[in-house]
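Chain naming follows the written order as A, B, C, D, E and F, and within any one chain the residues start at number 1.
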């Protein structure tokens, strides 16, 4: 039983660690802000889930204790990560950050930027 | 580890002090915050470093010194109160005096000073 | 669509349930004392917090909601694998894009869940929901709103829009009956 | 266990809280009266405590029933009780003055004032070095808040300097505490004094570094050159009752110097004995001189009074460095005298400024004050007292200072500078007085009149000078007794840590 | 075996943190930096949890939870600041 | 009769004129005169015993530890001076009744005059030298008040200030001298000191003491070179000049010379200092007097000259000279007081004191003229008048001394020269004023004064004549007893006869008279010579000097204190470097030998991140938002370090404070510039870098030194007693709420006060709302992003749950009220951020300052509760209870205390952040106290 758990712990930790690392690699490697955002938002969250699961299993290894409160961190991250990302991308739009050249839907980007700032008057119909 | 810890404390102190010597309120606030970190680490270190000995009874048999930890807690809270006050004071000073220089007025440029002394 | 709670003493039952569970999670115990406290807090806290909550549609189809959650979890895992590959793969080959999706949902809670789901799943991040309604007069009709998303690697815009609308938006409409 | 020891801390605390809560907070009148009554009560308690301690000798109060050196203790000895009485006396004057209308020029005047009293009294009573830090912070934060009372550019400007310097000082204080704790392993002052005697040679210099850092902190509070810069602008810009209360703030630094450098580093401290003296002596003298120069240089009266505070601090610090009973007795007596009279002067400066129209307290020709006889008389009395001229208490203080220096190294430096600065002060005050009251431009007179509470406040503080003179005999005896008690470090250790095996 | 895994993961997280710091320093835009900081917060949760595993002590959990909270709140606050200047309006 | 009353009556008399302020002028004068008259009567009643050589002594304890006892000591010398002070004082009161005009405040004048009289009596009657000094300074003060009586005249103010400065400075020297004297003699009682002359004069400090003592005497007695204040003090009303500056105050210095004659005189040093000063003064005064056009000016300089004469006499170290000195004191007082009063009459009745305009007054006021002529003759030393007698004795004494060896003849020669001048100026006084043609340009027609205004002059002039004719009969006893007091009983043989036969002194007198007349006749050349000399306006010079002093003081002060915080900080840190660095240099080895913990890669990474981010903060401190992000990393790393080194509570607290700080700084940055302009000069940056590095090196070294040293601490007690004595297993928390709960009480008080202070700071602040960010970008449009709003609402219950959890576990596990409070507060602040102030206010309208007060009150009361059980404040209580179904639960007072902490923290944090946030809304903190 414990042996299985140990394997599970190792697996989840490695999985988590890898995703965390990949998320951060994405942060460094990606060409523009918008693409950089994806790594941390998703991979890191999943990576955290992995590590937290590892922790849950680890602390549940000893008899009569069941350590599940790491769930709370997972829930919290799941709730907040999209909001952080949302706020960040809104800021990026507001700051008119350049998207990498071959980004499709440049018009949508422009429209989004216009709406973020004061110029995006709401009387101006968004769909042309 | 002690050497590294001391190095960090010293470096944080130096950075904090340098910022506190700047002429605007905001860098001073930042410097003060940095200095507080250094001071807190210093107080903490006065109880000597301990890797496994969180001071909760029954979790270890070699506890860290709890007293400096309690002192740091007090210092953190007081430091927070003081920083908050200073920050707001900085706002007030900017509002009242029209600039954010710590002296409430811009220092005269150097050449002007020289002229005056002539 | 219901906006007003069924019981005034238990305005947000699912939230209460969540809190009940969380208290037990936090204390890692099923002792009677903790169950008692969990109950008290699960009722007390939502009751206090109810005033700090804008009226939202209530979950009408809990079963569906559970399914939705599981689906999103599954999507997160698959999506992450894809994103990981993209991140580690050649950067030059990425086809990033901005896409806007017309929204049928109107209320904040479902919209938020939709945007969050989109952010957590296949290579997309919700950028904005516009136009914002905070500048609308109370009696003004709601305009068509859009969800702007950024896609890390887009294949086919129409397909993406369709997937999102069917996979996430539609179930949400169903769950909240709005 | 005498609960009375704690009352000087708890009473202002409770008062502050009650003033902030219903039903007191509703009306200014209720806030005022509660504040004044509580302060009067504080004075009574302080005096009773002093009398009790005079009978019983040094007594301590173990908070939470945790005995020293483990718990925090409050130590009531003659020195701390004298300071408590002084603070309460001063505060009653300042609060009465503030209650004449100044208190309504901003929010939370009375609660903050009471908090400040709590901090000051705590600093006087505590027998624990870290607790001293906490109370320092209480009184500092309250002083920051009080300093900006009633607003204005000058206040803001001065407060920025005051706050930043003191925050740096607090950081140094913490570092010093950490060093002392890290070497001595205790925080109780008496226990530290004990531990210093058993200090391994290897730790000697570390303790010295910690002690000298404390010196910086206290020197900053006491405003000793070159750490005095915050003082003139701060005191000169503060609202009158606040400035009056601030008159005791520098004395807290002096008090702390006295506590730490006579108890912890007292005669039992071996190689560390009196380690601050060689610093305090020259810088104290320089402070005195600078203050006197400042009195001459001041362009407005409040700044002049602020510089008078510097002069008094300088004299006190030098005497702290002399380290004998007479010197410490002189420090105590002179502290009481100079604090109260400077407090009175700050209040008076405000009264004069109000009646001089636009010129305020600037030393230029201005319209004539509305009540020249009243204010002039008060001014002359205050000036006589503060300049150390007979017959008010100042001259006794001065004589005590001079006598205490007998036999000290560099006695004649002290004498020369003390007398020279007295002369400069005399010149400065006569110039200020003749400008304020006699250099009249225009026939216009102000409408403002001194209000009864304001007059009471000034007379109250001034009366102290008279009482200090009339009862100088018993009061100097009290000072000497207090100084003897202060110097008796072994006795102190014995009464606080009876298990330590130290015999006086 | 578990010990080696934990150290390996420690290495990964440390590397991740260094990468975050690199992005934080590098920028170039403010949102980039904020993103890097946000990621750093989350990665340090992992670090703390790992410490907990290493020490076999559950006392680290609350710290991790709090980091999650401050990561979120400070990101939101900074973004709001960049968007509106006035974060409480 | 109690001799104390001689002093006490005039002291009480100070109040009489004030009490009679509403009465008529005459009543006021009579009332005022009553006290000194009575005192005079008491004094006279002691005549018998004093003349018989008795010393009346009374003593009361005052400040025994300082050696200051109130002692009244009435001997011959004191008697003489008391007599002069009281008798002339009474005459002055009478005179002033007529002299003062309707506009002058008579009560004030009389009150000051009586104060002065008290002070003078105090000096002469004191039997304790500190007491002498007390009254000595009182004379300076009261004379300041009297000289500046006509404060609206600038020369009165200046003259008063000058007098105060000079005499005040002298007073300080005197104090030093007295303290030395007392220390040498071992007592401050006059009687003891006077007996120890030998001891004092042999003491190594005698020269210093003597110089200080003489500085005191000479400044007061207007001896050269301190003489210049006296003529400028003539801005005072004439009664004052007559009293203070001729008869009494200036004699105080002389009195001290006489008083301490037995203790201090007889040495070469004494002779050189005293007699030469006296001689110089005598000459300078006499010479300058001749050229004064102002009537009072002439009299003032003549006073200086006569004071020099008396000083010279005391300096000769001869008993007979001392007798002569005492005698001249009496004579000078009578004729000079009458002269001043007469001059005052002339001024009063003719409106001028300028001798170039006052001419031929004989025709208008013959009686006054006669009186003045007699007095002037006495001053000139004309036979049959009192001045002649003492001058004869003076000449005789100058001839007797051989102190300058072969040059001893110089003294009598110069004395004669001075006498020549003295005759000349007396002649000028009479001739220029009463004869010499007609008055020029007077505003009034002069006439005789009122009857009683002249009476004092008449009395004194009669005395001049009577003493001149029958000296022994009139003043023999007085002089005898006074002189024997001065000489400590060794009175020499002397005779007060008018005629001593033809001798050298008589010749000198004759030469003086003849020479004086001649000089006056030939005055034209002398005046031309004098006017060719550059004029010296001492008042202006002094005033300029004072201005210069003030200005240099100002310059020096501003040079030291230039108002720059950066300098103050640099000095503070330099002090730190020196004081903390010196012991480090003196240390043998920094390390203490304790084994170090090995470094691992993770910690090294953490440290590297800490160092890099700290460095980055400094480098980018001008880009404020970036700096904030960087310092957040530092904070994060510090928290992780706390976690790593077994301090979870610290990590939690640091983290929760961190959030609030970041929000706070973001809030604040809105109102501050977003960029710091580059301003510091490179040299300053280098200086600051050096200073910062030094501080860093010192602090780092100190921490290293501490960490590597073994150590014992009181902490073991806490670990051992946390559970049994404090009822908790989290020792840190038990320390906070129990062992050192008082610190925590203070700490939350600090937080609460800070919040109040911040509220105070934010009230009435001029609101300014930047319309764009640092780059000039206008703000985004959406105020409350939808996602954020919704999520914040969902987080609130979670956060509350977590904070309750953290709150309750704190006593046993990491956590506690402070952290819980911050979590709650942050959750609420998140609502403010995501929904705005209006939204929150509509749902929760609490005034946070009251929350702070309630929280503090809870903590306070928890502590107080232990009083109910007879325990010290904050004594904790806990117990375990068995409940059915629930099992064992613990109840502890610490929980209540922690609840206080929790509530305070929530209230304070919200008060701080919400007040700041509300700045841009209509709910911004208002000025009125909103409790």
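Basically, contacts are C-beta pairs under 8 Å (C-beta built on N, C-alpha and C of every residue); 3 or more make two chains touch, one makes a residue touch a chain.
As the structure is a prediction and not an experimental result, all values here were calculated from the model.
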**Report entry** Shortest walk length in steps over touching chains, subunit E through to subunit F
**Finding:** 1
Query raised in the report: Which chain has its C-alpha centre farthest away from the C-alpha centre of subunit C?
Result: F
Report summary line: Comparing B-F with B-E, the one with more C-beta contacts is B-F
Report summary line: In whole angstrom, the CA-centroid distance of subunit B from subunit D equals 27
Requested in this report: Let me have the rounded angstrom distance from the C-alpha centre of subunit A over to the C-alpha centre of subunit C, please.
Outcome: 15
Query raised in the report: What whole-number Å value describes the gap between the mean CA coordinates of subunit A and subunit D?
Result: 58
Requested in this report: Averaged over CA atoms, how far is the centre of subunit B from the centre of subunit C? Could you give it in whole Å?
Outcome: 42
Query raised in the report: Which subunit C residues touch at least two other chains?
Result: 22, 26, 115-116, 126, 132, 135
Report summary line: Residues of subunit E that touch two or more other chains sit at 17, 30, 34, 59, 65, 69, 76, 80, 82-83
Query raised in the report: What are the residue numbers in subunit F that touch two or more other chains?
Result: 563, 565, 569, 573, 628, 644, 648, 669, 699, 702-703, 706-707, 711, 713-715, 718, 739-740, 743, 747, 750, 753-754, 757, 761, 779-783, 785, 787-788, 791, 794, 798, 802, 813-814, 916
Requested in this report: Kindly provide every pair of chains that touch.
Outcome: A-C, A-E, A-F, B-D, B-E, B-F, C-F, D-F, E-F
Report summary line: Note: in the complex, subunit F contacts subunit A through residues 777-782, 785, 787-788, 791, 794-795, 798, 802
Query raised in the report: Which part of subunit A faces subunit E closely enough to touch in the complex?
Result: 6, 9-10, 13-14, 16-18, 20-21, 23-25, 27-28, 33, 36-37, 40, 44-45, 47-48, 51-52, 54-55, 58-59, 67, 69-70, 72-73, 76-77, 80-81, 83-84, 87-92, 94-95, 97, 116
Report summary line: The residues of subunit F that touch subunit D in their complex are 61-66, 68, 130, 133-135, 137-138, 140-141, 144-145, 148, 151-152, 157, 160-161, 164-165, 168-169, 172-173, 175-176, 179, 183, 546, 549-550, 553-554, 556-558, 560-561, 563, 565, 567-569, 571-576, 579-580, 582-584, 586-588, 592, 699, 702-703, 705-707, 709, 711-715, 717-718, 721, 725, 738-743, 746-747, 749-750, 753-754, 756-757, 759-761, 763-764, 849-850, 852-854, 856-857, 860, 864, 866-867, 871-876, 927-931
**Report entry** Of all residues in subunit D, those that touch subunit B in their complex
**Finding:** 130, 134, 137, 141, 144-145, 148, 151-153, 156-157, 159-161, 163-164, 167-168, 170-171, 174-175, 177-179, 181-182, 187
**Report entry** subunit A-touching residues of subunit C, taken from the complex the two chains share
**Finding:** 22, 25-26, 28, 76-77, 79-80, 83-84, 86-88, 91, 94-100, 115-117, 119-121, 123, 125-128, 130-132, 135-136, 143-144, 146, 148, 150, 152, 154, 157
